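Every chain is named by a letter (A, B, C, D, E and F) in the order it is written, and numbering of its residues begins at 1.
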Amino acid sequence: MSWLPSLKTETPEDGYELAIKLSRMAVKKTQPDDEVRSRLRVDYANNADSLTMASHVVAVNFQTVAAANGYWL
Amino acid sequence: MSWLPSLKTETPEDGYELAIKLSRMAVKKTQPDDEVRSRLRVDYANNADSLTMASHVVAVNFQTVAAANGYWL
Amino acid sequence: MSWLPSLKTETPEDGYELAIKLSRMAVKKTQPDDEVRSRLRVDYANNADSLTMASHVVAVNFQTVAAANGYWL
Amino acid sequence: MSWLPSLKTETPEDGYELAIKLSRMAVKKTQPDDEVRSRLRVDYANNADSLTMASHVVAVNFQTVAAANGYWL
Amino acid sequence: MSWLPSLKTETPEDGYELAIKLSRMAVKKTQPDDEVRSRLRVDYANNADSLTMASHVVAVNFQTVAAANGYWL
Amino acid sequence: MSWLPSLKTETPEDGYELAIKLSRMAVKKTQPDDEVRSRLRVDYANNADSLTMASHVVAVNFQTVAAANGYWL
């Protein structure tokens, strides 16, 4: 089963969750070690700029997902 | 009730507020602890580059919301 | 009166001004204290990278405004 | 005379020059002092990351100008 | 054989892989030395912000690939 | 002869090369001194984040070139 069978989602909220998934997958593919990622998460979850940077990536992916869904109109 | 029932808003100003909401939600989902986020807010609200970075994320999300609303024409 | 009644502007130059307004509004909503923002402005107005970052946000917002205006064609 | 009468240009190269102009104008509007900007230019023109950041802003503005011109097809 | 014969992919997941390939190719063309890139990978694979930055680039390229594929609808 | 006669390319790979050219041209126009740019290249070609930033700019320009070519479909 693919982790990304489709960009279509039922609702905008589901689309936002998919955008988060897309954002994290690129990290996972660069750093596949779960333990390392967990450790790094502590770092960036407590740093304001790191959180803003993460939110930026979600925003870019949400653009893609929203367009794919015709903005759920 | 979903926190994101739709990308449609009545006005551009409401759309801008939604863009801010979208920007903050990604932060909240990475750092769910309200107290930590409040503490971090003090940091970045007093740093020029942090504020610019935050404004950047809002701008990206506003692109999405504006497109979803046909630019409120 | 809304601070953002419409994304439509008469001219490209007015659209650029609106993009600047959109960029600053996100900062204002995160840091509502006028005095703090004035102090921070001194910092980033004298730092090359900060100015480039600010210009980047304007560019993203200008994309939105330009699209909303059909590029003033 | 407006500094931005139109987003239309004769050629792609002219469009690229306009993108540079758009990128610099946001800096100028934040830091209107010519002397300060000249001094800052020395800084960022000798720093690789600063140059990359500047190129990034031009790229975003070039997207806008290129779309406005129907990619000069 | 071209390393980029087409932007079309069978599935969204394949499109995501292509976005990663596009992101890495720009790095490879700037730093062609495999050994140097391997060494640098150790650095950024263990730094949260570096991973977020990498994920950002993938997100931008995924926008392009997704649009090229009509979002696989 | 213009350095940018057109955004059209024969193939996706050629389009990617054009995106690299567009990314470098903005740097060249800010720092015209070939020797300085060569020196700076040593810096950023050995820094992971600098390479990621450079790849980001290529990704943005590739969006433009790909759209101009109708994604080579």
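Throughout what follows, a contact is a pair of C-beta atoms (placed from the backbone, for glycine too) under 8 Å apart; a residue touches a chain by one contact, two chains touch by 3 or more.
What you are looking at is a predicted structure, and each value in this text was computed from that prediction instead of being measured.
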Exercise. Given that subunit A is a copy of subunit F, what angle of rotation, in degrees and a multiple of 5, matches their CA positions?
Worked result: 120
Exercise. Most remote chain relative to subunit B, going by C-alpha centroids?
Worked result: F
Seminar exercise, completed: dist(centroid_CA(subunit D), centroid_CA(subunit F)) in Å evaluates to 15
Exercise. So what's the Cα centroid distance for subunit B and subunit D, whole Å?
Worked result: 27
For this session: Using mean C-alpha positions as chain centres, tell me how far subunit C is from subunit E in Å, no decimals.
Result: 31
Exercise. What are the residue numbers in subunit D that touch two or more other chains?
Worked result: 41, 44, 47, 49, 53-54, 56, 60, 63, 67
For this session: Counting only chain pairs that touch, give me the topology of the graph as line, ring, star, complete or other.
Result: ring
Exercise. Beginning with subunit A and continuing through subunit B, what order do the ring chains follow?
Worked result: A, B, C, D, F, E
Problem set entry | subunit F contact footprint on subunit E (complex, rising order) | 2-8, 22-27, 29-31, 36, 40-41, 43-44, 47, 49-50, 53-54, 56-57, 60-61, 63-64, 67-68
Exercise. So in the complex, which bits of subunit B are touching subunit C?
Worked result: 11-13, 16, 20, 44-49, 51-56, 58-60, 62-63, 66-67, 71-73
